[in-house]
């Protein structure tokens, strides 16, 4: 509640258009719904621009189903990440529209169409093994109402593959680069384009790749400018942020 | 044994009320019971205020059962943490009163009622996935004779949920905050209340959450004062310490 | 602002006891003072029980002096931690009451006497080299209105020294244990008393002591219950938390 | 060189408008200038939108001066980061327009005015000690042609200070959050606004803050969406990326 | 494309031997084959001397099979590393020549004989448990056309075993040393011979061997000269590099 | 081969008592037996005092069996560590004397009695969960011909249990202390006795115990003198070294 | 106080040979001397066999001097480690016998001759740069009454230097091996002799030697048996333990 | 000494051409020179192909001078690395031919010309700040008798600079790539050439570059084949190994 809204409310209370009890209720307004095991943030869309997303890991099947059940009453598009197939089956029971992407491990329910901007998001991967993370980013960005172009397997060991796809990448408003191992693709792409690059380290690799830490560190230390980084394997976070930027 | 006790004993030996052999026995008094694979600390209650708790991890089912068997002879309340269901079944054979909390992974046997102080302990979690650790803290605190109020899923991504529950939290004598990921809830709560905050990092998260290390580090570096930290996922430790403070 | 306060304010606005503009001002109330480079939290005392403390590290001498200058207008006791002697000299220019503790690296200005509870805080150190951190804890606790008993150099390499002082330690309401190297003193003390133990790892040691990390880890993994931990060398945090607990 | 450009060049060669030797020269075109110790990337502006920035750390005073000397011939705005005062003095000898920001440790030479977009960048810091990093971000963003609003010292230990400034933050097109210690401010801000948040961990803190690693990890694990992270103390990187986004 | 090739092409375009469209196609030449999930680098052999190798980990069985299927059309020798037996079975369906080495976890298809140089590669292991990694190196080196001599289980705990095999090791053109635990064998071998030593740390060991990190660090810090290191368990990388050097 | 032995051999060659070929054979003497996958160190006993021990981890069942088969021909006592039950069954086929200790995971074959010194080795554990590691140490020490006294579950959380067993510990010639978690028992024991203490960190614990790293670090930083440390869970190494010292 | 001593004391109290007050005093006997900033452990010699050693790091010059002053009254040999020259000068004022070893950074005062056993301690270093740590070990061992043989600069890069000195090393009762970098010397020595090896990692090296961590890890993972490890650069600890073993 | 040499010696002893005493002396031949603080490895050249190099760090000025003094008697080329200017001045006193390279921190004395092979070593750096490490590699390689081509400041942020120099790099027999920050240049170069790449991570960078660890990890995980890695900032090691390979 900003100053203006507070003044307006106080004025209404003063003018008896709003009772004191109503004023209290409005100030402490029903901004979430309490399920006991979860407090669903129902005003997130007005506050941060998108409805709450369900991070399914660490929740029971029943909890996921219960949260979806409540959210269905709001008629929003619904996204569950890190979801198991078992969770999807439970959700499917209460919504025919539910879809499962096995590679991205997402549950999506599309209840309304969202207008897409003309610009698009490019999602670039270093290798084939990085695809599940790229997929999570793509599902997220598309559900939030964006056009996505994927450029798969253009890692620097064969850099001519990247150069061949440079026009697609340069045409995007924002670029997600997904890479494991040494993550060098981020720096190369960052050095070739004039758009924000969201780097997603993946846990692809072995030995001293340390489950993505090496790629993460390499990306944080990129000699190219215009690069920022999200958590390892965090395709969702990259897709969400890219959507935010694509809609600016 | 403090000075007073030693002087009293020496006086009794001098006055022949206590024989030399008895004096030795008293000094080397039967302060533990030896099961071969375990030495049960039978004077812990008088020394630190509570009976010994059984940390079940790394013990065999037989060892857990054997320890409980001996402790039942003392008529204390019994708490086993990190217990498997298989351990519980073995304990159930020797005590009908045994209960298992599958989320907290605890075995409890309540042999006597403990007087509860008027004040209460608040247990606050950032997300739904932090509930098992919160549950372990709650089971512990309740068995030790405390009233507990839980506030679930009020993480800072939707901070209005926290503000709505602030009165419950502020009313407690001591607050346990359970959080994974970046653990920011601890600092926000710590900055809003004037009571000790016991922070419990959880292993909830992925990638650079490093199984709770990130939350732990964040909590140790909290810019709020009045915060201290226990080991990752150590709900028991938090519940135990909170009980100590609640009973001061 | 809790529900009650909001209702009262709305009622007063309604009854014209408070104008709409005043209502706004009250809600956005002067809860901090803005110096440009710092926003001093002027309602912290009512919110968390103590006035704001100045963490001097990373601030310029001028900034520290400016913050103290403003705080002097509030007539509170003032504490600056991690302060250099140069900072003290600047503060001394504007307050004759300022004192510097070279070991603890604190600036204190005592403007009013605080009633001390009957109970006391014990501060125990493993070695002589841990004294500066213990000193910071002591200065903090004393300025906040507590009686402190120090037990210095009772590390486990000569554990009889600890046993000889056990009565002083057991008599406290809360105990701060300060130790570097392997930090074993915490577990030994924690196993012998029935009061909360606040463990402070220090950066005393070399090689694999890693500037206090080893002591920190050891303390987090203490086999004794009732122990919680603060950041390495964080004497202030321990003293502050101990004061909170001592005043419960 | 994209397909279109290559076709055009080949056509010109074919039509003898361009000789074979010229064609070669164009393809291998003078895209950098070689100083021996440095190859200045002279077509970076056309490629990534901004001229090259001089990272002064690890370079000698003579090298920095030599690079600036060459760049002055291009009439661009010049930015040197991590610069010492000694480097500035050397640069000052060859350019009267050179300015030094001691807090940000930047050398700037403004040779031309850049049109600023209507939107602005908000730079928010948790504490006073985070100001040098924020300053580097601000100098960078301003030199690249952006309006900047700073919100200093609104860390979560006194969260009302943040709420009071929320309108300024929400009004920005992109927000830089600069924080050390546990970096919780990032999650709180991220949960309250619907704009991209660029998180900059700082090396402010001690003990387990590990020179900014704790803040970095916390930010990477932020429970709020729309957050990405740059390297520790990398004010320049944040300012550069924010400028990119602000100009979309 | 080097200068000469570009000039030649431009000349041909100029002389109408090559059309503008063909020129474009040649410059953007078909240097890879796109399978959707993978872009196979078809000019790698001309560029780096060997055809692309399939890193099977993180790929689906179908993807591996599809890549092999395409590569079979090129009549090269084919190597798949980190392959499961299931992958092999799928490959076997499309190529009778496919062979699986269970210890090395490699799939090989030998389509043509490669001339072997007279010199050979020595592969030395510290223990029996290091054999799978040594095997991966051997399979790789042999498929690439090299003679290999293996010296197994000559770790420094019984250093006379090494001395007895010194002539075989000294006779090689390049030596691969495979060791886990403390990796001391690398330094001892490096101090005894005048040939390049490629050190491969293995994940053999427990506790503080940290899955090969200790061996890796020891090898990087070898007091012997002429030693370089590849990733943990990276037998393929060592075999590939050794082949490169053996063929110089 | 020391100077004396070389001179003697040369003298014998000179005097034709030994032929040149024999001299070579003697110098390159049959100091190991080569099984292809392993080179068994047959002169280890004369060199380091004990026959080679089989580290079974990472070896196949067949390899273990083959090594034992050869060693049986030498009539030594045989010890296999980190052995699976399956390995034991294979060994049992070729030696009825083989025994398996499931807790220690050892295979032992006792072919001859070894004279035991009068002095004994004390093995002390902090908890019940540390027993398997203690068991490995005990099996090793006993097979090598030593008397062992075990003191189980005397961790510092109930330090009176330790004091009660101090005489047994003080009576030993060398003491092995086995502890996980914070490993404080090592420092307490080290401070109370005048004999060498071999500290064995165990992987017992959770969260920041990091699989034994915390205990290891604590032990390396012990404030008590006379303490040295072996690898995490390395009961064998401790038993072996203790045997060496006990027999001095 | 063991059982026997307690019984004897109780008997004496009973027989009035000792008063109750005296009994108390004896039980709480004067086992340390309290200087305020330090509690000197005056019964350490009877308990662990040697007088207390002064770890000077982190102590003030005055504190070191004060501790020495008290210890001089006991007529023991005195050892101060990690001492500065300034500390030595202060000690020199109160004891002419004080000596300073600049390489080892030790202060020694030899007040009485100690009988040396016939056996000796070998101290072996990998390089010249490891000498200060070896020196600290030697000073310690010699002051405690041992003969020491040093073998300097026999690292494995030139392993024949080691073999040439093998007789000296094999002749010792216990061997200290001091090495930085990859610490391979420990495994080689351990594999060649039948005596306990105390490994001391040093901080010699750069880059990934990590101030001795690599050497430490390598030593903990030594494939040779009979090896144990002390803290990085802990020459004192090695010398002390070696003395203990040499005197068994 | 290989079999042939031993047989020959034994034959000579047998034939009285060599006395027994001489035989001993030959076998224990003067393979090093003992200076007390250092054992100079005088047969290293015959064993590993080059004379011993002096690693000056951690040695005193006198020790460096003493070692050079002895080596001058052998008439070899002399190389001292990590040398201070003070060390150089001391060496200059005994050898007019001594030269100091301040960037590489090397002392060189060229006593004889070495025949250079026709092939050359390319040394490539990512940035200007990597030059000192490249310089150390170049000095080493040149002193050992190699031609060197340097390609400076071709990091991937402006990848066209690299492509322009590709012919120089591809023409080399072996390539050293020196890079800090994220070290991506290694993978790009490795993917473009068919020669061995020796990667040298440098400590250039800040924050999460961790003094070169990030670059090191990135290089170890390079997706390009034919790459191996040496220690951070180890220009000497790279130059030495490159020389070995260049001379194959």
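All chains are identified by letter, namely A, B, C, D, E, F, G and H, in their written order; residue positions are counted from 1 within each chain.
Throughout what follows, a residue touches a chain if its C-beta (ideal position, glycine included) is under 8 Å from a C-beta of that chain, and two chains touch if they have at least 3 such contacts.
Predicted model, so just to flag it, every value in this text is computed and none were measured.
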Item to check | Common touching chains of chain G and chain D | outcome: B, C, E, H
Next on the checklist: Fitting on CA atoms only, what is the rotation between the copies chain C and chain H? Please report it in degrees, nearest 5.
Outcome noted: 180
Next on the checklist: What's the farthest chain from chain D if centres are computed as the mean of the Cα atoms?
Outcome noted: F
Checklist entry - For the homomeric pair chain C and chain F, should the interface be classed as same or different, according to whether the shared residue numbers exceed half of all numbers used? => result same
Item to check | Which of F-H and B-F has more C-beta pairs touching across its chains | outcome: B-F
Checklist entry - Using each chain's Cα centroid, which is most distant from the centroid of chain E? => result C
Next on the checklist: Nearest whole angstrom, what separates the Cα centre of chain A from the Cα centre of chain B?
Outcome noted: 38
Checklist entry - Can you list the residues of chain D that touch 2 or more other chains? => result 3, 28, 127, 157-158, 190-192, 207-209, 213, 216, 220-221, 224-225, 231
Checklist entry - Each pair of chains that touch: what are they? => result A-B, A-C, A-D, A-E, A-H, B-C, B-D, B-F, B-G, C-D, C-F, C-G, D-E, D-H, E-F, E-G, E-H, F-G, F-H, G-H
Next on the checklist: So in the complex, the part of chain E that touches chain H is made up of which residues?
Outcome noted: 2-3, 47-50, 53, 166-167, 170, 173-174, 190-196, 198, 216, 220-221, 224-231, 236-238, 240-241, 244-245, 248
Checklist entry - Residues of chain B touching chain G in their complex? => result 3, 6-7, 10-11, 13-14, 16, 20, 23-24, 27-28
Next on the checklist: Which residues of chain H touch chain G once you look at their complex with the stated criterion?
Outcome noted: 28, 31-32, 36-39, 41, 43-44, 52, 55, 57-59, 63, 82, 201, 203, 211-213, 216, 231-234
Next on the checklist: Could you list, by residue number, the parts of chain G that touch chain E in their complex?
Outcome noted: 126-127, 155-159, 181-184, 186-188, 190-192, 205, 207-210, 213-215, 217-225
Item to check | Touch list for chain A against partner chain E, complex | outcome: 127-129, 131, 152-154, 157-158, 160-161, 164, 204, 206-209
